[in-house]
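Submitted below is the structure of interest, expressed as structure tokens.
Per-chain numbering from 1; labels A, B, C, D and E assigned in written order.
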Amino acid sequence: MNPEGYLVLSAILFAIGVAGFLLRRNAIIVFMSIELMLNATNLAFVAFANYHGNLDGLIAAFFVMVVAAAEVVVGLAIIVAVYRARRSASVDDANLMKF
Amino acid sequence: MNIFFQDPWWLILIKVVAMFVILLVWTIFNVWYERRLVGKMQHRLGPIMNGPFGLGQALADGAKLLAKEDFRPKNADKWVFNLAPILTGVAAFTTWTVIPFGGEVEMFGVTTRLQVTDLPVSTLFILAIASIGIYGIVLAGWAGNSTYSFLGSIRSTAQMISYEIAMGLSMVAVFLMAGAMSTSQIVEAQRQTILFRVPFTDMTFDPGITGWYAILLFPSFVIYSISMVGETNRAPFDLPECESELVSGYLTEYSGFRYAMFFLAEYINMATVSAVCTTLFLGGYLPPWPLNLIPLFNNPWFGPVFFMIKVQLLISVFVWLRGTLPRFRYDQFMNLGWKRLIPISLVWILMIAIAPGYTIGLGLALFVVLYLIQVGRVDAVADEPEHPEAVEDQVYDPFAGGYPTPPRPGQLLPELAGVVSGRDETPMAEATAERKDF
Amino acid sequence: MPLPLLTILALVPLVGSLVLFLVKGQAGRLIGYGIALTTAVLGVLAVVLQAQGVPLAEEVAWIPQIGAHYALDLDGMGAILVLMTVILVPVVLLAEWRVGETPGARWSGTAFMALALMLQSFALFVFMASDILLFYVAFEATLIPTYFLIGGFGGPKRSAAALKFLLYSLAGGLVMLVAVAGVYAVTAAAGSPSFLIGDLVGAEMSTTTARWLFAGFFFAFAVKAPMAGLHTWLPDAAEQSTPGTSTLLVGVLDKIGTFGMLKICLTAFPEASQWATPVILVWAIVSVLYGAFMAFGATDLLRLVSYTSVSHFGFMVFGIFALTTQSISGSIFYMFNHGLSTAALFLVVGFMIRRRGSQHIDAFGGVQKVAPVLAGVLLMSGLSALALPGMGSFVSEFLVMAGAWQRFPVYTVVITLGMVLAAVYVLRMYKTTMTGPVTEQVATHVTHDLSAREKAVVAPLLILLIVFGFVPKPVLALADETAMETMAIVGVEDPAPQVKEGNR
Amino acid sequence: MNPYIPIVGMVALATIFVVISMSLSLVLGPRRYNRAKYDSYECGIQPTPQPVGGGRFPVKYYITAMLFIIFDIEVVFLFPWAVAYRQLGTFAVIEMIVFIITVFIAYFYVLRRKGLDWD
Amino acid sequence: MINVLEIAAPTLEWMLLSPLLVILAAACLGVLVEALVPRDLRYVIQAALAALAVVVALGLTVLNWIQAAPQIAAMGVIAVDGPAYLFWTLLLVFGLGGVALFAERGVGAGQSAFASSAATVPGSPLEREADKLRREHTEIFPLLLFSLFGMMIFAAANDTLTLFVAVEIFSLPLYLLTGMARRRRLLSQEAALKYFLLGSLASAIMLYGVALLYGYAGGFQLADIDAAITAGAGSQPLLLLGMLLTSVGLLFKIGAVPFHAWTPDVYMGAPSPVTGFMAVATKTAAVAALLRVFYVGLGGLRWDWQLLFAVVAILTMLLGSTVALAQNDIKRLLAYSSIAHAGFILVGVVGAVQAGDDVSLSSVGAIAFYLLTYGLATFGAFAIIMMVRRAGGEANNLDAWKGLGRRNPVLAALMTVFMLSFAGIPLTAGFVGKLAVFASAWAGGYGWLVLVAVVMSVIAAFFYLKVVVAMWFQDADEAVVGTVETPSLWTWSVLVVSAVGTVVLGLIPGGILGLLADAAQFIR
């Protein structure tokens, strides 16, 4: 089976993720777009696994999930801390270090 | 491998429609059933007027709700407000596609199973759909855009996900025994009978008891049954809609048929979790012992009968709980989930992973141990002094945490501050530093 | 392995300086001076031994992976420069005995001594190194003490001057670093990497590579031995720093430039250096004249002196790249003399400035009335600077001319202009400052003549200048030795008719 | 046919049912405007304005969410292992034990740091 | 269709992997300590535990290095070869330094550089309460160990998936550590946020690259990719794109332009010990991984990536050295300096001289040495930064450093040594490092790049001198002057080791350099 379609889809998702990262200002949403990128990658992994007919890609998807989860935990912790400290989750408000 | 590849389209159509109708009817029946049963438990009659035995009551309710004004609060989010009930409703229906009603039968010249469909990962599918149902609730609360519905939805989400873990862990044991995730295979795996062994000897005997996982994996069964109640937000775990605290939780802003949809979904879910429980632990459509020894009852067409009986019994248990138990306090509830169910089920998984042949004995052992621990804890709690309340008459700041909270014992309302005691005004947040540090 | 005399010679001042960082006050200064004298003795000893052909070479593997060796050796030129260094440092230290008390001093006099000694140590390493990496390391290391010397003692804008000096040298040095890396690459490609100059002489490399490497090294040296255009750091540094520092700077440090040109550029890249000769000669002439003119126009005494050095370095480079035995040995000898004469000039001018409190040339006038000795000393050193016959500098300058004449008569004629100009600016300086009526400023400030210490400072320099003016033989012998070797390596014959040196 | 098709069918059917019935109620139901009614419900008191997006709620819930993710991921690993338990054999059991113990360490830490308490 | 899996019980080379396992075990143990040991004892136990673990791991690494033959371990996931041992040793040494700096409680009123309770809102009564009770986070040590563990895997990862997992393992703890500064907490949290967002973006991009490479080669192992490239099979666009995206993540971790944006802010916001550790260890690990991936896995493409890296290197050096000129905050300055150093390291990477080639000094050896010198200097510098304080906090503004030479000549002298080493002045280790890297680059046929690099290092020298000038040649302004607090033995040891190392390696680098040169042979 050819992975073309899935790849295109995953590429699109990935692109959306990047765009979201670059355009959105709310830290949570920025962060979500990163997760979207990771999942787009997962799709690519699975598609390739199917294409090559080996399991590596599927296993990779598992690892990526785990890593994504870990990222979520750490990220949420940081974002919430910032959010509570300055009552705003906008990355534009995080500007103490502009110079 | 998968028999469902052979189903022709018309058969699928039949199955789907049939399933849908069964669900609707059954749910309507359940509404009536619950009210009657609760009534009996509370020495009331319950609905009796409409139709025979008041069977029409639920229908009438439905019709009434259909005719009610179904309005949307002005500051609610238009789309999400509509999306939420749809999501919940659809999710509730969808789960049933993978629930096996019976074994393999001949139908219009096609051998198929009495089950809409089955996947290698049906159980995962069920869990997935369940979490989509959770989305429905979150969105409902969010879209309602009022404090009560919001907090309610957050709460119910928290409780659902907390219990989803316990649920998943209890399922792990089943997969481990059955070696499969497809519901039908799990049921079939319960067909073979248990071989009892006298401890420390090799004397064995086989009374022909079907190896239901409720027996083989009793702890898992218990954990699942608890978490399934938590999962459906039913009493005694119906905290999201506890009137005393937040009106009716995420449903606060809903009215008319949108509300009805949640209502419907709740009842379907009740049936769903019962059906899953039946499938995973109570041998699904298999006849119970000793009936399984009679060949007649092993006819697959009996499957649905046994299945529905089992499910109905479980539903009765739901009703029974509701009729008898008071509602949990939220912290008790969470503690039960996080501090009891999860670790216990992890330990249990380890145990059976090490010795999968002796699960019954292990299960009993586990319970004994837990009982002893619990006794120990009780004693400990008994002689451990009540931890000092650090917040003795301090000024109480309802918005200390950024969200309104009622005063706790020993906290003064602001206007009383300084009148009662001239302490320096330190917000309650400081006090909590004593106990919370992480 | 016999006693590593060279290592000891180079390390004594370093150790001394480290000691001085701990000791303070008068005691410190005495110790420092003692160390300087010890070094001088060792240095003279080393030179004598070398002259008698005692093998002093040391060689230890340093960084085998890149073929770097800790290799010291003393050839003729090296010996001469070592001699000069060990003579100059004590003199300077004596001259700057009280630098600690001067207003522009950030640290104590001992600190000055310590830094000076450190500088001396590194300089000695440079002059004795026969491994390019070692040479480079020491070469760059000299920057550190020099930087602090300039930045720590002297005029108000000294730290800016120090920075300027550092950046110029660093730029030069790092360009050289590229060349060094290149040397590694070349030798590595040729088999085993090695930084020994000896190995490099044999190493075969493509012409272009050789030329690039030559350019890299030459640039660094051109910055050091300030050739016109790359010199601008020198006047500032000289103006802002104390005369002692300037002496070390011009007298010792800048010699590294010419030294390197001879030792590395010529020997390692003979073909490239011949290819570059025309350009460099012109450049040399330009800097001779440029330096002279600038000195002529200078109104600040120290700047004036520094410009004279620019001009003199032009002479040396000219001599080196004229590629005749005489001119080369002349340049080598010139380095020596220039060291002494410039030292004298700087220090004497320093004495004047100390008294008058101003560096401006017009601030003086008729000093010889009130301070005849000072005037005399200034005259002497001035004459040595303009290479009056009878002074050592004359011999060297003449040799350069004579040697160059055989190959580049035209250039030589042009460059003689530099000599004339030298006479002019020196005498003009003397005239404006010393002769004429005593200005009341001078009368008030220049109260006393040279003190004993100051005499002790200048005396040896002038004496040596005169001595070598009449009996240049011993030193010239050393110089010739190097010159011969170089010529042999470069593979250039002196154009006939051979002119015997000393035939004048 | 692909076993997912019935599921799609069921989803379609359910959606149709839900949508139709909801819109039906919109048709049948009366329309009587009343400002108070359309206000978000807060037991009659003046509703506290609620920013769209829910505003702020206790950090506890975030923590719950994080913990959920962690344990859910653990479950994610347990499922395939459980299914393939028989093929995988002893090594996998040991691995799993190690894995679960590791998770337990984290769990224990959270427990001790009162991360699981609802004060 | 995927064929059903047949499982063979995997084998693990326990001895070879023991350093990793020791660190991981110690980290988990640390978590338990957090849970069980009463608060007063935690600090001591944690510090001791961490230090011990690192030392033991170091010992094991060296032991293996001496006796074990290089081989691929853990089912082809981890390559335990010369470079792996090399970088493990470096990382562990740096880890030890990190532990020492983390454990520093001598300066700042006997409190560590970390927030007393990171969960509290800055400025809230809760925080004041925690300060009053002298709470402190001893979790920092387990976090450090976890991150060290990840770095070690990263440096030895033999397949791209492990590479990605390792990146996250070592990044996540760092994100957290970044946000835990005791002072200027808003700044710190903000730094953590930026670091986290950008970091996870980079790793996500890298992951996509990994996916593409997998799609190209049909396997994760570097050997597979190499084989596929040599076979010339698969679609080239996939390969090239995969390479590009993968390099993004690595370059980000190294802090190379254009993926450097996080460096200054994070360095500035993070607590100094963390900054020191991060600056050194992250770079080391990332460079190690970069070398392995591109030399072993993508060696066949070297003509493509050499040029790419050459350009990146130039940009990096340029930006790092020029922007640093404008900095007045010493941590920021060091941040840009670290960017510049990343550039110089990349110069070495471009050289790509394999140990196989007939050159005695391979790129890997040269780069490792460079990293060592850079690490020493950085640790020393940050140790000093921790000591120069005013008004309770660190005095990071250069004004506070003016006249340090007067007030505390010894410290100023040490700082000077480190700065000179950064600038690559001879007689310091930095010089030898630069020389080695440049030499290998030139030997790799990139003379022009070396030329550029040298010009850049002249510019770079300028801002290091700014610090030196401030310390020695400028007079202190009493209003902003920083006072030097004498730290505990921990920091002193770091300081002394770094200083001695910097000088000794500057004078007689032969031994170490030889060691590195011998070890620099990758295996596939």
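We adopt the following convention: a contact is a pair of C-beta atoms (placed from the backbone, for glycine too) under 8 Å apart; a residue touches a chain by one contact, two chains touch by 3 or more.
This one's a predicted model, so the numbers in the text were calculated from it and none came from an experiment.
Chain centre most remote from that of chain E: B (centre = mean of CA atoms).
Comparing each chain's Cα centroid with the centroid of every protein Cα atom identifies chain E as the most central. A centroid comparison over C-alpha atoms places C as the chain most distant from chain A. If you average the CA atoms of chain C and of chain D, the two centres end up 82 Å from each other.
Remark: chain A and chain D have CA centroids separated by 20 Å (rounded to whole angstrom).
In terms of their C-alpha centroids, the spacing between chain B and chain C amounts to 93 Å.
Our note on geometry: chain A versus chain B, Cα centroid distance of 31 Å, whole angstroms. Counting partner chains per residue, chain B has residues 402, 432, 437-438 touching two or more of them. Listed for chain E are residues 5, 119, each touching two or more other chains.
In chain C, no residue touches at least two other chains.
Chain E contributes residues 5-7, 9-10, 28, 31-32, 34-36 to its touches with chain D in the complex. Put simply, chain C touches chain E in their complex at residues 61-67, 106, 133, 136-141, 143-144, 148, 151-152, 159, 162-163, 166-167, 170-171, 174-175, 177-178, 180-182, 184-185, 188-189, 192-193, 212. Chain D makes touch with chain E in their complex at residues 84, 87-92, 102, 105-106, 108-109, 111-113.
Within the complex formed with chain D, the residues of chain B that make contact are 2, 4-5, 7-9, 12-13, 15-17, 19-20, 65-71, 73-77, 82, 85-86, 89-90, 92-94, 96-98, 116-119, 124-125, 141-142, 144-151, 154, 157-158, 161-162, 164-165, 168-169, 171-173, 175-176, 179-181, 247, 252-253, 256-258, 260-261, 330-331, 334-335, 338-339, 342-343, 346, 349-350, 353-354, 356, 401-404, 432, 435-438. Considering their complex, residues 1-3, 5, 118-119, 121-122, 161, 164-165, 168, 172, 175-176, 179, 185-187, 189-194, 196-197, 200-201, 204-205, 207-208, 210-212, 214-215, 218-220, 264-265, 268-269 of chain E touch chain A.
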